[in-house]
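First up is the structure itself, then whatever we jot down about it.
By letter and in written order, the chains are A, B, C and D; residue numbering begins at 1 in each of them.
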Amino acid sequence: MAGNSFGTLFRLTTFGESHGTAIGGVIDGCPAGLQLDLDDVQHQLSRRRPGQSSITTERKEEDRLEILSGVFEGKTTGTPLAFMIRNKDHRSEDYDQLSKVFRPSHADYTWKEKFGIRDHRGGGRASARETAARVAAGAIAAQFLAQAGILSQAYVSAVHNVSLPDGAILEMDSIDDFESRCPHPPTHQKILTAIEKAKEEKDSLGGTIECRIAGLPVGLGEPVFDKLHAVLGHAFFSINAVKAVEFGSGVLAARMKGSEHNDEFEGDGKTIRTKTNFSGGVQGGLSNGEMLEARITFKPVATIGKTQNTVDESGHAVELSASGRHDPCVLPRAVPIVEAMANLVVLDMLLLSANNRLSL
Amino acid sequence: MAGNSFGTLFRLTTFGESHGTAIGGVIDGCPAGLQLDLDDVQHQLSRRRPGQSSITTERKEEDRLEILSGVFEGKTTGTPLAFMIRNKDHRSEDYDQLSKVFRPSHADYTWKEKFGIRDHRGGGRASARETAARVAAGAIAAQFLAQAGILSQAYVSAVHNVSLPDGAILEMDSIDDFESRCPHPPTHQKILTAIEKAKEEKDSLGGTIECRIAGLPVGLGEPVFDKLHAVLGHAFFSINAVKAVEFGSGVLAARMKGSEHNDEFEGDGKTIRTKTNFSGGVQGGLSNGEMLEARITFKPVATIGKTQNTVDESGHAVELSASGRHDPCVLPRAVPIVEAMANLVVLDMLLLSANNRLSL
Amino acid sequence: MAGNSFGTLFRLTTFGESHGTAIGGVIDGCPAGLQLDLDDVQHQLSRRRPGQSSITTERKEEDRLEILSGVFEGKTTGTPLAFMIRNKDHRSEDYDQLSKVFRPSHADYTWKEKFGIRDHRGGGRASARETAARVAAGAIAAQFLAQAGILSQAYVSAVHNVSLPDGAILEMDSIDDFESRCPHPPTHQKILTAIEKAKEEKDSLGGTIECRIAGLPVGLGEPVFDKLHAVLGHAFFSINAVKAVEFGSGVLAARMKGSEHNDEFEGDGKTIRTKTNFSGGVQGGLSNGEMLEARITFKPVATIGKTQNTVDESGHAVELSASGRHDPCVLPRAVPIVEAMANLVVLDMLLLSANNRLSL
Amino acid sequence: MAGNSFGTLFRLTTFGESHGTAIGGVIDGCPAGLQLDLDDVQHQLSRRRPGQSSITTERKEEDRLEILSGVFEGKTTGTPLAFMIRNKDHRSEDYDQLSKVFRPSHADYTWKEKFGIRDHRGGGRASARETAARVAAGAIAAQFLAQAGILSQAYVSAVHNVSLPDGAILEMDSIDDFESRCPHPPTHQKILTAIEKAKEEKDSLGGTIECRIAGLPVGLGEPVFDKLHAVLGHAFFSINAVKAVEFGSGVLAARMKGSEHNDEFEGDGKTIRTKTNFSGGVQGGLSNGEMLEARITFKPVATIGKTQNTVDESGHAVELSASGRHDPCVLPRAVPIVEAMANLVVLDMLLLSANNRLSL
């Protein structure tokens, strides 16, 4: 299990390099009988697609999904659902000069040391292009989750020194109308300006995405090691460029007292709810029926146009001026990736929960 | 795989409830031939042990480790290494009044909903007492890692509104002389004072632990989903009360530019190092030979003496005044747990890396 | 996953050496809420126990089961169910002379080569004593399966040159009254005589066990690699001394034509059944609602009293006269082990089948 | 893990239906740096290919392999190696009449009951066409194993009532010159005649394949549950139509005495060998350095031209005259499948054995 699979019962294996023949994935464990909406899957891919706006990389990929197996007359059959996306607009020649150079804060050096060989073109397998396969699989997972009333939604909450103000009202229904995927018009405008400025300066910017999962039943998650948020944490950290993951109160919990942080229960003899949600929807590692709330911090993308000092494969100092197309800020395109990983985790946990109690 | 196992090749399965017969674990995949230092394992347990100082819970457990299998004439044999710790000082009667009440921000409600039954005594399996098994297994892992020159060290860096100052010189060699496990005399004193005050107020405090792993070879971690820090993130979030995990720059990455965050490489034709370490020792999901740096935020422990509003199992409002013994701040005792999880992850990754390249 | 765990959702990990402190196991994935009948578990252990009759080894172990976790007020809680059996009557000194000798057809040589170290006392972990843990876990699985109307039953069908005659009527309800566990009085008598003769001759005998699983729903098994009989085959071959596994027609299928072997379906518009059962209850890797039928061949036990030629650890020829207590024929004691492995497989498959179809 | 993956460290996931877009697979855990001989992989596929001789099905598939990822400049990169084979000559219309009928001893009924939906065209995913993906992956595994001096070779040893005579000298080097893949001219001729007769009679024949694995180091296999032959048994039983698996003495062990069956060791102080090989190369679940010998029995293929009684999906009796193209005897084409599964198991075990002993 060399790390290219994720999930226990709804299990995704992805494959493919940035400039190879194709990228794709195989889902094993898809329950049978779901009428798949492939247009929606394609739509989710378009949200992650490069070249979708002026603030994303100029690589043009239509990311056309081809289903190879597991669907019959429009429905899932319970057999492996394999899919692929052929790579088209790869300008591998842009990367020729990089074949012997280790770019700062990229995977070049570590992968070469690990495997002794690397496909340097476009970052090879370490490229975030791999996440297209996750978005496709996550979109399929979302269709199962919709049947159970579960919905994951993510949005950009901060880029560099611009953040959503407290109490901002979000226009989640039209989030895709905002190139920044920050669905708050004034903040969106500031983010857009910041990204455009970074693009001009041949630099890149970090930021934060918030993810909310609504509709979770009580009790998802597998104690002890596979707590719901532990597996979500695993999932989010597996996305390129993520440096921090928080749930509920997150880093602020360090400065709180128990009497402040505890979420008191309220009940009327019918439903049980908490007054506050510092727990972020998870208690004892299991969902508690409140909104699951996560915050994910992305570093500024490592590919920048500015000249940098680095070394070549023989370990000698060289100067590097980046080529290759890239995003000045990955946050807007990362929103569907975060949602996809959330969906993969939650569906797997939902399937695992089928056997919590004796019901033979 | 209902979540009580961790690791692929060095795989720990833990068992046991807080007030049950015993807690313990089985390690499958222990390489044969290691001369085990059981005194050291016992020493690590004593670092996590309740009742070790005036600022920890008063439960008295000597946590005496019994090895059940897998060791012959002092050496590991390659067979499962099972161990257990009998529970002794459990005052289950303290919990009688809690058998029908859901404590705020505890696992009571979610576990009952999941399984339909719960061992309410001392929190049952959801109790952090389970982590003793992790500490024992992590201490064994550490003995393997020591052979490879790898050392994990954690310390408390902040409690409530006391934090280590920038540039503080740490006395890591004598960390256990500080009840706070913050090895910086002035900060230690402030933390001690804060915890004692919280104890008096029947309240609890959150805080932050930093973990450093030295001596990692380049290339540990399994792309794509099992990036080194993704699995570490999973491991740390599986520890009770953790709300945030950061690597390197962490949440600060959101406010940085690529030109600031990128860790430029330096080389003399022999060794390759980075000038800075915003990456926290991981690039492209693999260790890069620099110090691995993680920061883990713990919420204030949910058990407090103050009166709280909550509900009983029938969902009706009740008032709760906590009983049961507890820690006003779990940070000092969590230090060996963080180290244990780090050791379990790193050893597993080291064993997995044996087959990176063709060497048959 | 070094091979000491079995199962995906109902997952057993066993530990322990023949002459170590204890043997035992941990079951992860036990659904919550089952009222456990521990007397029955102890009864199954007594069926496997050494010293139970004149034709089994004289080692006296009462094999008293101790539950360490996972049960509260008599019911499973969904948490890991750990148990152990302390070793008592081990005469390790009997094995002193064997510490440097490789016994023919035993695990001594191969385990020493693999691990570089071995616990030679009583065969260490390679001893069939490990199977006691399987019997305990299998007995627990059987209690879950009983709720679903599923029952596994095994019996001895042949020992050396004595076989059940065609059409023999079996007295399965009183199988434990037959020391041979061949529940057919005349055949039982012949087997008993054969085993007693082998015992006198300081030799051992092979034989065959048949296993029938009744009450399976249609569709258990996971295509493609985890076909029901493939996983059962895995399970049965993991039992010490097994050399062949057959399902339905078994080795006789080689000599048949499709027109003879095909099991024609019969139906009345309500239920679908097959006229014959050459398939042994499995078609396309999934249970088909008929009786699952397996046949398992055991070699004669390798420990014999006769003098044999062999080598010592330095590879030099030596003569060996066995010591240590042993069974002249393991078949009678292997019956509950076969049933246990069948139960472990079937329960796991039953839990896995919860998500075959969309039902969110 | 719904059964479409196999292996722990060298892990194959297959996908695809008989008449779908494509079949294929993803190998995760391929060590980096192997110069792949794709012509040889294609050659192995041609050995399994339909339509290769007068005694195999007439379906014409060239089974052209397309590598999608994981190979760079001819070498494995350590990333997932994905491949696919497009389906071409599928005459789905041949199966229209079968869309509502359950063919005897086929997967139709059980898969429909399990999933509630089935792709009836050519057997869908239950078709042995899936095994092409295994052959491709197994051929890649074989190239790794060749570096370690390990070679798996299988051959047909019996078909219906024709068997290899004792002591037959096999022409393994030219096995592919024999359409029967029984590399013994007189036996080959008899088998050929038997198969042609069955074809004329619109019937099918069962038979036996022997598999030998040479060059195994001592100690492969993972005790307790994942004994080498247990995992091989799992692998072989996962091949369509297999009803029995034997190792070494196999079913004959039942009739032997320990003094006959034990393989005495011989040694000269340098190498240790056994005089006989009733163990079939495995002792205590681990390879012992002798030839691994397995015997696999295949039932006669279920698809026959003769008229049969069966039922339709509503459970009513119908008569069935088969259509669709098929093999009168699958044994010749199954030889490369058996070798492929052997290779997948052995390579995985070899990779797992890297961490048997402390060597950090």
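The working rule: a residue touches a chain if its C-beta (ideal position, glycine included) is under 8 Å from a C-beta of that chain, and two chains touch if they have at least 3 such contacts.
Keep in mind the model is a prediction, meaning the values are calculated, not measured.
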Fill in: C-D or B-D - the one linked by more C-beta pairs in contact
C-D
Fill in: Chain pair repeating A-C, as identified from A-D, B-D or A-B when over half of the contact pairs by residue number coincide
B-D
Discussion item. Nearest whole angstrom, what separates the Cα centre of subunit B from the Cα centre of subunit C?
Written reply: 39
Item to complete: Please compute the C-alpha centroid of subunit B, do the same for subunit D, then give the distance between them in whole Å.
Response: 46
Item to complete: Compute the distance, rounded to whole Å, between the mean C-alpha positions of subunit C and subunit D.
Response: 26
Worksheet item: Among the residues of subunit C, which are close enough to touch at least two other chains?
Response: 1-5, 8-9, 14, 29, 32-33, 78-79, 114-116, 125, 223, 352, 356-357
Worksheet entry | Partner subunit D, residues of subunit B touching it in the complex | 8-9, 29, 31-34, 76, 78-79, 144-145, 147-148, 223, 350-352, 354-360
Worksheet item: Of all residues in subunit D, which touch subunit A in the complex?
Response: 1-5, 8-9, 11, 13-17, 20-24, 26, 28-29, 32-33, 66-70, 72, 75, 77-82, 84, 114-119, 124-125
Worksheet entry | For the subunit D and subunit C complex, residues of the former touching the latter | 1-6, 8, 14, 102, 104-111, 113-116, 125-126, 130, 158-161, 198, 203-208, 218-219, 221-227, 229-231, 233-238, 243-251, 253-272, 274, 278-280, 283-288, 297-304, 306, 308-312, 314-317, 352-353, 356-357
